[in-house]
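Two complexes, one shared chain (subunit A), two partners (subunit B, subunit C).
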Partner chain A sequence: QHKLGRGSRDKVQQFMAITGASEKVALQALKASDWHLEGSFDYFYSQPQISVTNSRHLEDLYSRYKERDADMIMVEGTSQLCNDLLVDPQDVVMLVISWHMKAATMCEFTRQEFIDGLQSIGVDSIEKLREKLPSLRAEIKDDNKFREIYNFAFAWAREKGQKSLPLETAIGMWRLLFAERHWPLIDHWCQFLQVRHNKAISRDTWSQLLEFVKTIDPQLSNYDEEGAWPYLIDEFVEYLTENGCVQRNK
Partner chain B sequence: PGCGPFKHRVEVDPKFFDKSWKKLDDAIREIYNHNASGLSFEELYRTAYNMVLHKHGGRLYDKLAENLKGHLREMGKLVEAAQGGLFLEELQRRWADHIKALQMIRDILMYMDRTFIPSSKKTPVFEHGLELWRDIVVRSPKIHGRLVDTLLELIHRERMGEMINRGLMRNTTKMLMELGSSVYQDDFERPFLEVSASFYSGESQQCIERCDCGEYLKNAEKRLAEESERVSLYMDAKTADKIANVVDKEMLSIHMQRLFLMENSGLVNMLINDKHEDLTRMYDLFKRVPDGHSTIRSLMASHVKETGKILVTDPERLRDPVDFVQRLLNEKDKYDEIVSVSFSNDKTFQNALNASFEHFINLNNRSPEFISLYVDDKLRKGVKGAANEEDIETVLDKVMMLFRYLQEKDVFEKYYKQHLAKRLLSGKTSSDEAERNMLVKLKTECGYQFTSKLESMFTDLKTSQDTMQSFYANLSGDSDGPTISVQILTTGSWPTQPCATCNLPPEILGQTNMGNADIKATFGDRKHELNVSTYQMCVLMLFNSTDTLTYKEIEQNTAIPPVDLKRCLQSLACVKGKNVLRKEPMSKDISDSDAFHFNDKFSSKLVKVKIGTVVAQKESEPEKQETRHRVEEDRKPQIEAAIVRIMKSRRVLDHNSIVTEVTKQLQARFLPNPVVIKKRIESLIEREFLERDKVDRKLYRYLA
Partner chain C sequence: QDQTPIALEDGWRDMEAGIARLKRILHGVDGTSFTSQEYINLYTMIFNMCTQKPPYDYSEQLYKRYKQALEEYIKSTVLPSLKSKHGEFLLRELVERWKNHKVMVRWLTRFFHYLDRYYVSRKLLLPLKELGLSCFHDLVFGGLKTTLTTIVIDMVDNEREGQLIDRALLKDVVGIYLEIGQGSVGLYELDFEKAFCKGTTDYYSKKAQIWMLEDSCPEYMLKVEDSLQKEKERVGHYLHASTEEKLLEGTILELISWRAEEILYKENSGCRVLLLDGKYEDLSRMYRLFSKIDAGLFHVSKIFKEHVKEEGMSLLKHAADAANGTKNEKKEAVGSPEQEFVRKAIELHDKQLAYVTNCFQNNSAFHKALKAAFEDFCNKDVAGCTSAESLASFCDSILRKGGSEKLSDEVVEDTFDKVVTILSYISDKDLFVEFHRKKLGKRLLFDKSANNEHERSLLSKLKQYFGGQFTAKMEGMLNDVSTARDHQTAFEEYMRDKLPNHRVDFSVTVLTTGFWPSYKTSNINLPSEMIKCVEIFKDYYNSKQKSKRLTWIYSMGNCNIVAKFDAKPIELIVTTYQAAMLLLFNGSERLSYSEIVTQLNLPDDDAVRLLHSLSCAKYKILNKVPSNRIISPNDVFQVNHKFIDKMRRIKVPLPPTDEKKKVVEDVNKDRRFSIDASIVRIMKSRKVMGHQQLVAECVEQLSRMFKPDIKIIKRRIEDLISREYLERDLETANTYRYLA
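Right, the complex of A and B next:
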């Protein structure tokens, strides 16, 4: 980050005071208007996404859920948040929210993640967030967003310091994700993993599975052995063929 | 008229032409009547000359033609009238007459030939005479057919074994050739080839019903020789290849499959029974036949593969590894001889053989182990133990040929190391030189890495020996102490086997399953020195404090693993002449409830008795699994290294190309499994050496 000159810093402060927006938003608007204060207001108000969030409120909200002895929201806080939102902690919307927040770990939020995340969603209170829940849930239906959320989920659901995802967790995540985006083979996949694999899931396997779901039809008619699919997926296809779940012409 | 200079006065005579012509006409008649001697060449020549000079060349030419035709017709009638066998003779006679006549006529009319003919573009006299002979005599309807039929008839009779007049044949065909190569070809050669084809078609059909493959081929060979001789005796040389092709086709090509596959006499039978002569004949005969050699090759290859497969998968054979390999070598010898003697060392056949051997040897995944055991056996026993008088060197060279066929050379390496170690440590090698020779061969074949560890094993041995010598040199005659022999082993060079536990009487660190010791033992009043393995030593030492022990007690006290312990006890109690222990009950196998007694009735003619050396043995099933597992584990890093090397140089590559390249790089040692390669790629992705391309998921990128 390059250092701001005195004049620029003043402008940022002014902007924040007048609009109630965060420093981040202020910088964005000022940069977009080439550091003209009037122009930056025009910019700000013409951007519908940058809705008015009060940084004060956000700080308060954060304090409500954060740990007593640490500058983080942890399991308890998350649980409380879910309660206040009137959602089940297993609800997929929590995943979507975490994605917006770019949360590093499940059930944990840093101050930055929480505040910036809510800001980018455009809310600064529990009520407003509650109102937004349906539209957040709907984001899963969007192909591009789903892919991002899906791939995000891998790192998010991981244990700290681990490279792979434990099988149980992975299965849980897959069930959650594919409940929203129907994949006929999800049950076979989970069964196969439990019977045959019993090991953690690598990132490559995780991301390639989505490709598999998107491009290969449930009867596997367009599955190509030479398709450089991860070994686990090749095994899955074998498993399906052996158990008569699909008819393949070899 | 008389001789003299040629004067103009002749031209005014209106009858000049007719008179002149009459002279010639009469002369020609005489010539054809064999009365040429009374003629004056000079005069006739002059006559013709004058005629041409006075511009009568054209008329002369025409008259000549008429004249010749007349004579030819007469001759033709004579030929037609000839009966049966005299037909050809008459034709020949008349032909000879005609040729002679033409020569003379040409000489007489030489001036016309030289001056009038070129400018008028007419056919020269002699040639013209031949053409007329061709058209009027040879191709006359009454003669032509008969001529061809007669020739073909005679040839047929000769084929059926009769003697015919070959001189007459030759002259006749020569005549046809002189009439023009197309005459020979159209009038004789073509029909000849046609009837030959149907003759040999019939002949081959009969023969193949009657004869077995060998006899049939002999017959074909005979026929080919006959035809060749026939052509050289009375046909144009160019016919030789053509008739050979006909015979090849009718006798060989058409019946090729049936011949090769004939039961009890075909190609396979010849191979099995080493019928070199028949095989040589087959090879030579089918050289020219389309697909002949390639068919023989592929039949041979599949036969070798089949018998080879039976050999390597026969459970009986697998009990004795040395015998197993010996059979392979015998098989190789057999076919090498066939290729050398019968197939004139044809490289393509040699290659087909190699491919077949490679195929079936690798059907049995114990081949590498067995080949190593074979070498082990030979290096222990030396020349004296060899089955025949072959030099050890020759045997090892042959073994190397088998080695080259192995796809899993790394497995061989593992076993060779183990076996070599056992040989060296138990001092059981018959010839140091032979050992080193073998190493040199392996190094030549596989490179330095293959043999560097093996070589250092030898160095260790030398060091051990030198050290032991100087150790004993330094001892000041303390001969009561136990003698020890120590082998120095460089860690890393020697194959480690899961080093089993074993309670040793004194604490000696080392590979407890490989060393040996000399023990002094007293049986009754006899003293013997026993050379035993470390395990055996441990067991025997127990009997210092008691005469009887149960199996369980021995197991407990020595902590030797059961499989090894049972083998050890067997060698101490169940081998005739070496039973220093007595087993109760006296059965062959060791069971947990057995008891062992010190056998004070043991006796031997020798003072020093060798009991059970540590012999390399065919591995038991669990040992085999263990070794294979380790080989598989060793392969993983090699595969990964290959992938990384390739990706580093190519940067971006698709999955199938990686598999191909990796296989190419490693095939000198083993054939990598594509599934394993895939797993290694995924592992490398996980460890961020590689990544998938964002756009094309089949592509991988190298991450620097």
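Right, the complex of A and C next:
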């Protein structure tokens, strides 16, 4: 972090006052124009992606949802947020939003997470966020984004201080995530876990499952049991074979 | 020199006279050979006629007439004589005529020699000798050779059938083939050998058929060996040496290669039967014969392996039957079915190894077959016990008192060697070590070890074969016991000194933690007499070894206690716990179950076992009310004053708890650590590694001690990932990276 000289700080303030943009954006624009204020405006308005978010609005928004006696948005606030957005708290879009926010824990947002997150989405009001909901939901369908969101979900859904994900939570998350992605074996997988496993899910299993979904066909014809798959997935394959759900040519 | 040239016809007349004389000599009409003078004259005649100036140099004509002379002789005399003969007679005639021809050619070439010197080489023509022999070939031999070969083959077949034939004649005939080839075996091979070999294989093909039907496997093999020997000798008698290889090859093909399976699997006499019946000679012959054909020994070794496997499996079945108490098991077995199995397995190994050494010439394929077969059945359970435990149980039976006192040291040493051999076939070696260690502990602590030398001897053999880590702990155990013995005298002195009125003989064995198996113990309330002993030892020990902390394991102690029954006092050999329980009755005549449990501070399962051993088993030291055989919390116990036994001293056994499960659990736990350590070690040195490779190396590294389950290795890898020792490589599938 470099210290800004007085003149630069002034320019930043001016920029923010005029455009209503955040300090971050101000810095970016000024740097891009070599600290010429006029040039920075040109830069700013010629960048379509830099949406106009008003930091004051964002502060207000945060205050609306934050806990009374803590600098965090917790369950109540999250619930209120969902209400205002007219979405079910179980809606996958909440996961996507949390991902944008890099939220550490489900149903909790720090000030930083909340504000930076909304900024990166490019909104500063509930209405604007509501408008963005369809496009946010659609991000699930993008392969690369899905992978990031999927892997993010593990740590996010975990209890604080725990290494693994409780089975119930994991199943819930999987159902949520794969609802949009159509994995034909999702029901078998969840059933298998409840019948045979009954323990928490490790991170390795979580991330490897995605690989499994992506690379192995529903008849499991290209599954190599001598490969490096986690044992739980090996057992799943055995389970499917035993129950005649797939025909594997050994 | 300056003479008038000799006319061709004139000169030739002289030559003809010479030739005629030669014929008479050959036919035995004219006894005398050519004199030097005659020879010189003829030679000179040719010389002159060749050296005359043209048109009187007659080299060309003379060369032609030389040939014609021979041809004419053959046509007029030789061919007719041969035509009328057949079979052996034909052969004889031919041999005779050939002899003559050679002589004739020899003489004529000498007479006509000058042609060889200049004319032949200048005109690049066949030298006289070759020309002469080729006349015989072209006119006589060429047409006869097929017939000749057939006659020879017939004669040889007769000899094979046992008839006496004229070997010299055959040798001569074969000689013709060779000589007519003039230095190369080409003609011999083409005109004779090929057909002869075919004749031989035809012969043996028929024989093989007959013998197969009529003979047993050993009989057949004898005939084969005999035939091969005979054919070899045949070559020496009248064939060319180069034929031996082809001849034997063909014979082996017919007699062994094509019949291999029939021979090996012949009902009631094939390889398996020979192995069962201990037919050393026949098996040695089989080895010799089958080593002559491709993959022959492979097939024999396969049968051998199956044989050993089946013998092993039948031992397992015997053991299982004996354990189930099935009928028909002879009661000659000493010891448990598992121990009997080990004994029999050792015998089986000795027997089969003898085959490998004596019949199969220590061939590595057979050693491998033996090993594979043993590895197969030695890793199966014996009557519900693992083979590792059975082997440990067998060792225990030898090492404990009453086990091997009758056996000489040599026999015991030998048996230990065999134990090591059997152990080499068992993959769960670590399980054996653990059982052995547990049993050793029992032997040492309950004074059941017969012979310390034997204990050490077995350990040193195990160490030699499998390495020091195998035996280090057990050696430590033996050392602890001998140290305890050394200190006992000093301790007794100390005890006498400090407690002059104390009347309890007391000895302590200090066990080094880690060497010994972990023993369960509880905070039993000892009687005061025992407490005094313990305290005095604590003092003694602290005065010697200030830094060490003692944990007392009363559950493994034993005690000799004198019980004064009405009839007579009897010395009871019991465990410390049993003694403590009995001593309670010095204070109260009658005690209830709960009183006993409270006063001794025992857990229920221990209390039940102890009370059962004292009141419901062979020796009823205590009376139980009610007097059934089940210990219940409502029972009441009192001393059985009426107890009597003819012995003055009896051992009241306490049946041990089943520790099998615990041993297996402990071993499995150790294995998880070993697998983890192995994986980390490998990854640390390689940094990046593929999954299959990692698993394979891990298995390899651990194979000395046990065969790791691939599934478990996988789970350990996952565990190590979650503990952040490793991670999955993000770019390459199925690959791991070491995390420093």
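Definition applied: the second predicted complex is superposed on the first by the 250 of 250 C-alpha atoms of A that agree within 3 Å, B and C clash if a C-alpha of one lies under 4 Å from a C-alpha of the other, contacts with A are read in each partner's own complex, and residues count from 1 in each chain.
Note that a residue touches a chain if its C-beta (ideal position, glycine included) is under 8 Å from a C-beta of that chain, and two chains touch if they have at least 3 such contacts.
Here the structure is a predicted model, which means the values were calculated and not measured.
Of the two partner chains placed by superposition, A:Ser125 touches none, neither subunit B nor subunit C.
In the superposition on chain A, A:Ser33 contacts neither subunit B nor subunit C.
By the touch criterion defined above, A:Tyr231 reaches both subunit B and subunit C. Looking at subunit A, you'll find residues 163-164, 202-205, 208, 211, 226-228, 230-231, 234 touch subunit B in one structure and subunit C in the other. Within the complex, the subunit C residues that touch subunit A are 691-692, 711, 714-715, 717-718, 721-722, 728, 733-736.
Here subunit A touches subunit B in the complex through residues 163-164, 202-205, 208, 211, 226-228, 230-231, 234, going by the rule given at the top.
Residues of subunit A touching subunit C in their complex: 163-164, 202-205, 208, 211, 226-228, 230-231, 234. The part of subunit B that touches subunit A in the complex is made up of residues 654-656, 675, 678-679, 682, 685-686, 692, 697-698.
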